[in-house]
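Order of writing sets the labels: A, B, C and D. Residues in every chain begin at 1.
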Amino acid sequence: MQAAVHRLSMRHPGDVSELEALFHAGALRPADVVAVIGKTEGNGGVNDFTRGYFTQSLLALLARRTGEDAAALAGRIPCVLSGGCEGVLSPHYLVFSRRGEAAGGDGPPALAIGVAMSEPLQPEDIGRGGHIRSVAAAVRRAMADARIASPADVQLVQVKCPTVTVAGAQDAAARGRTVVSQDPNRAMAHARVAGAFGVAQALGELDHDAEALSLAGLADFGQYSDKASISSGVEVRCNEVIVLGASRAWRGPLRIACRPMRDALDIGAVYDTCRDLGLELRQHQLTPAARARVAGVLVKCEPDRRGSVRGQRHTMLDDTDINAQRHIRGAVGGLVAGVLGDGRLFVSGGAEHQGPDGGGLVAVIAEALA
Amino acid sequence: MQAAVHRLSMRHPGDVSELEALFHAGALRPADVVAVIGKTEGNGGVNDFTRGYFTQSLLALLARRTGEDAAALAGRIPCVLSGGCEGVLSPHYLVFSRRGEAAGGDGPPALAIGVAMSEPLQPEDIGRGGHIRSVAAAVRRAMADARIASPADVQLVQVKCPTVTVAGAQDAAARGRTVVSQDPNRAMAHARVAGAFGVAQALGELDHDAEALSLAGLADFGQYSDKASISSGVEVRCNEVIVLGASRAWRGPLRIACRPMRDALDIGAVYDTCRDLGLELRQHQLTPAARARVAGVLVKCEPDRRGSVRGQRHTMLDDTDINAQRHIRGAVGGLVAGVLGDGRLFVSGGAEHQGPDGGGLVAVIAEALA
Amino acid sequence: MQAAVHRLSMRHPGDVSELEALFHAGALRPADVVAVIGKTEGNGGVNDFTRGYFTQSLLALLARRTGEDAAALAGRIPCVLSGGCEGVLSPHYLVFSRRGEAAGGDGPPALAIGVAMSEPLQPEDIGRGGHIRSVAAAVRRAMADARIASPADVQLVQVKCPTVTVAGAQDAAARGRTVVSQDPNRAMAHARVAGAFGVAQALGELDHDAEALSLAGLADFGQYSDKASISSGVEVRCNEVIVLGASRAWRGPLRIACRPMRDALDIGAVYDTCRDLGLELRQHQLTPAARARVAGVLVKCEPDRRGSVRGQRHTMLDDTDINAQRHIRGAVGGLVAGVLGDGRLFVSGGAEHQGPDGGGLVAVIAEALA
Amino acid sequence: MQAAVHRLSMRHPGDVSELEALFHAGALRPADVVAVIGKTEGNGGVNDFTRGYFTQSLLALLARRTGEDAAALAGRIPCVLSGGCEGVLSPHYLVFSRRGEAAGGDGPPALAIGVAMSEPLQPEDIGRGGHIRSVAAAVRRAMADARIASPADVQLVQVKCPTVTVAGAQDAAARGRTVVSQDPNRAMAHARVAGAFGVAQALGELDHDAEALSLAGLADFGQYSDKASISSGVEVRCNEVIVLGASRAWRGPLRIACRPMRDALDIGAVYDTCRDLGLELRQHQLTPAARARVAGVLVKCEPDRRGSVRGQRHTMLDDTDINAQRHIRGAVGGLVAGVLGDGRLFVSGGAEHQGPDGGGLVAVIAEALA
């Protein structure tokens, strides 16, 4: 098997014309698409509808091209959108595809991609123990799908979780159930935590049971996964999982590297990730040749909940005008874009228990040197 | 003479307790203060009152300590505040002071500081030719005050300009005059342009007359100063000018370096500026020892008006929720903070004609190695 | 002919399920739909994509139900969305339909609906004389379509105009053309002005030619239409026009009344409009019975550009955090909702030259008493 | 005794020039000022510093005029600022003063004013049982100060409570204590609840003990006060209480009326309150003569936490761009301003347990007809 990653720009959240052009040119077969990860220009919060708009547009295109029903496509192709293109971030999406049979296993390990979808969650389950177990099971299925046997070969697990809306909370209440939080932003945080702990369980990073982990959520920040990147949003009902790593069952030039970021200023982690992939620098920035080898960049980050970064007070958590996640995406996006020389970064806030407390992680997909 | 720069944190825009502590401890004489540059946690726009709040608090403290009237102090001490601590930026202020007699001139050139205040401007003059001339004259006076004879020895000119408010526009209209723009954000931009062209005239960077330059404002972006950093705000009536550079009339360990930034991803300019000052790196970030030598960092930046950065579309200019200047401060602040390892940066948006189009400049003040 | 107006709620901007239910129940024939006016929960600015999302969803539904192509439907059914549900405003849409032959003319005048679409506009034409002429011609065609001969019988003309985006401005520049303004919010204002003057020309409210009116735009606010309600947005390329009024060629219980609002506090205009339609009050609010007769409410309003309302300073125009249009929609929406007892109001900001300076207009569609 | 209420405008949050002019003209004696309630043009959230800026400016003026120390003045004069002038709301402040001896008791009851300050609260006490008791005790002292014996004669109790900041939470944590919520907006809500329940206890509206009420906070919304108006903010350390009502110990033309608002559309409550004071209407709005009799208007309101108003979905609670309190202040402010014909309204969000669930209250101070 061989994976491909196409990084495509969008002119607005309903624009999938670059993908359509690839299909039209025969450069990509619609049936080979297995997952999409994208960054749309909304606010990234509960009322960010750019994600749903893009997804509707994408599925309509895939339905036209594959002949499958849009709902069926949504049921098998994880489509993980993160809203919010703060600062230099540029709206774009990564289309993951694969084709061919499993390779013989004598070549070097290459980029492996696996996907899985969980069953739909009820509003009252979101962000709790059942949510963690649901994610963990889906991660294991996605690893099998990727032909990755050892958790050590997993580099990044991207999950999109459902969250609680006002309507969902009322629906739960009507059935006599409570939701994890009435506050929409807090509910989104709990949903992400469940995703992170589900990944950590599946990869053996944390060995507590789901209920214990659920209690650690947003409380014991020493518990975290170094490989989980979680989004949550109103537009999905089930957990959508994408596993990225290395496997000899795959071939081709693509490789992935991922590093935890200690905090929002951990520029060294970005350089280390680039070095892992042999990407060359000039004046502390990727050379044009190295930049051309990059197929995708994914970053998780977080406004430090303790109110300071390296001892200096930040104002993100006290800002009533701009959501804290928008602040941190803009800042870390600026830093990573400076190293890479490119604003096409999937930078996602809400990194609770995804990487070190107050930090996050950075992953780069790039072609190996021939 | 010897310059000192104290970098102090504030807990809120009315907090000048760290300066009070310095006075109390005898570490700084109130009468030696000649200028203050600070970053407060407002929105940086027309309705950002954190600048006025800080200024009122600062002047009240200085008045108590010097016995001078607050209005008299405001008339001789430039107090340049920029609102907006997006992302990792940390609210802080730089207190510039000087003491002693002019040095003999046989030592190495050291940090030189000069200040000047223009006459008050009428609303209708703001952002036009008369504004440019007013700034240029004040810059020349500030250079003389700094004992800097050659424009080549100037590294940075920080100016705070008045802008047009709704009330100001009405006042002008009542006198039968028009203002440069009814739109408050656009009027602020024109005010900054006048500041930049005034600096460029005084330093000989541009030799057109003020009226011609006025026409080039926000139109011909090939005309710019590489050393101007301009803020504009509702809280000042006259142009406040601070010139920073090098002069043998000064001594002490402090030095300043300044570089233009080509665009918002020009991380190389930041590293170059650090290298100019001999600041050492480890894993692409200042070492703790180097960080301890830094006394202040000033950055100007700009959301590229052409809608893209290095060919990738950005969304800053089309965002109705977050002002474009807030976007770019957050992004460039994140980048510079990553290199410096510190969020105490004076990052100011609105870099029209201050550095290359779509870019800006970065200046660092640091102690020389012994 | 008989007009029907269905007022439908949406759970999110992609939700057209209430319309689908009407189709399914046979309560409305898809082929009878002639126009849609709706309020989506975006920010109402250039980067509000909820309008496009809703439109895409609506057209997909209509295409499935009518068998027509979505593009063809978009070419004949004006779909006027205004983003921004501030305060108590509730996301909803009005579906206008008509069926049957022209009535004999012996009954009372009933609600008449006519539509027309202009040719697409180039970015450089938007907000200028050609734009005015394009709108005026379309209004005349829509009047004919509504069988309204006299402008006096027109109560409201709703127009959706295209605006200039960053991409559009660059496209124009590439062809050596300028756009009316580089500032996206100002360009939207100019587009709305062109719409208002186009309506005023077609209705004989103003008799200057288009070029003269173009000069009066955003300058001479004494020139306005009392019947124009204009939106502008990135998602349309041509002017979409809906004329609403009274005609004996129509029958049925629906009537429309429209009144200018003098300013944002002109609560009397709202009561007058209700009285025009015989809607009864209890404790200064529509009775439940009167409320049940209301089929739709449309309001235009404007943050007074002079900075005050009835002599008291407002802060809308100086606010960098919240766009002024969002401010005024929330305030006037609260006032009108208080009289009507219902938050399902199409309240649209940007009322430049639509009603008196600083005010706007209010229109109510309701069933006549039997 | 006789109360006076001066309603003064401010040009910016540091502007107390109208009060200074009153002092200068001898129209008001500085020593007679007992309380100030104002509306400043910030965002009303944790990072709204316009309240502190105004307070600093006010206290500096009073200190100059009375010769008292600013800290001493702050310790005896409640200064209740609410940030956020959304929509048509106009920045202004009400200066309450009193002079003369207690009246004999044979005249009609007139406006009575009493004030009290609690002891400072620790961060960990805020929003909990101790906070409730602290407020109740202060309300009783303020009633005594107002010479109001019966709770039935109290119309409005305005309280300003401290809230938890990030720094406060860390301070508590350092002492091994928790705060009521880490989320700044939720902590502000809990602080307001404690204020409301403290008022309700003191007035006998609710007879549960403080710990039981504490559990009902943000949970059992059937428990509320009809006379409490609570603000919370970072700039105060103790509870500041102002009681307004009627007493025969006072004379003069001023009267106060207060009514609960059932929801955000309860326009009838506004008209009822005006009628209580004999204020005349023309076309459903106060006549100019009636308007001239109004000395102050105070409103509390709330985005309905159940997600709808009168059965129609609102979007305030799901909005990541604009804080829900800003939404509701703008809407209810627009409604009340339409009835009063004036934007100088103290409209304060965060009405949890202050008036009916989803509603709030409206109070008007006006001169009685001679």
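Keep in mind that, in the parts below, a residue touches a chain if its C-beta (ideal position, glycine included) is under 8 Å from a C-beta of that chain, and two chains touch if they have at least 3 such contacts.
By chain, with names taken from UniProt: A, B, C, D = Cyclic amide hydrolase.
Everything quoted here is computed from the prediction, not taken from an experiment.
Peer 1: Looking at where chain B (Cyclic amide hydrolase) touches chain C (Cyclic amide hydrolase), is over half of the residue numbers used by both copies, so same, or under half, so different?
Peer 2: Result for this pair: same.
Peer 1: By mean C-alpha position, what chain is farthest away from chain C (Cyclic amide hydrolase)?
Peer 2: B
Peer 1: Based only on mean CA positions, could you tell me how far chain B (Cyclic amide hydrolase) sits from chain C (Cyclic amide hydrolase) in angstrom?
Peer 2: Spacing between the chain centres: roughly 46 Å.
Peer 1: Counting only Cα atoms for the centres, state how far chain A (Cyclic amide hydrolase) is from chain C (Cyclic amide hydrolase) in Å.
Peer 2: The answer is 40 Å.
Peer 1: Where in chain D (Cyclic amide hydrolase) do residues touch two or more of the other chains?
Peer 2: 11, 41, 43, 47, 167, 315, 321, 326
Peer 1: Can you list the residues on chain A (Cyclic amide hydrolase) that touch chain B (Cyclic amide hydrolase) in the complex?
Peer 2: Interface residues on the chain A (Cyclic amide hydrolase) side: 9, 11, 41, 43, 85-92, 264-268, 270-272, 283-285, 308-310, 312-316, 321-322, 326-328, 330-335, 337-339, 341-344.
Peer 1: Which of the residues in chain D (Cyclic amide hydrolase) end up touching chain A (Cyclic amide hydrolase) in this complex?
Peer 2: Going through chain D (Cyclic amide hydrolase), the ones touching chain A (Cyclic amide hydrolase) are 43-48, 165-167, 170, 182-186, 305-307, 315, 317-321, 323, 326.
Peer 1: Quick one: in the complex, what on chain C (Cyclic amide hydrolase) touches chain A (Cyclic amide hydrolase)?
Peer 2: 11-14, 41-42, 47, 49-50, 52-53, 56-57, 60, 167, 234, 321
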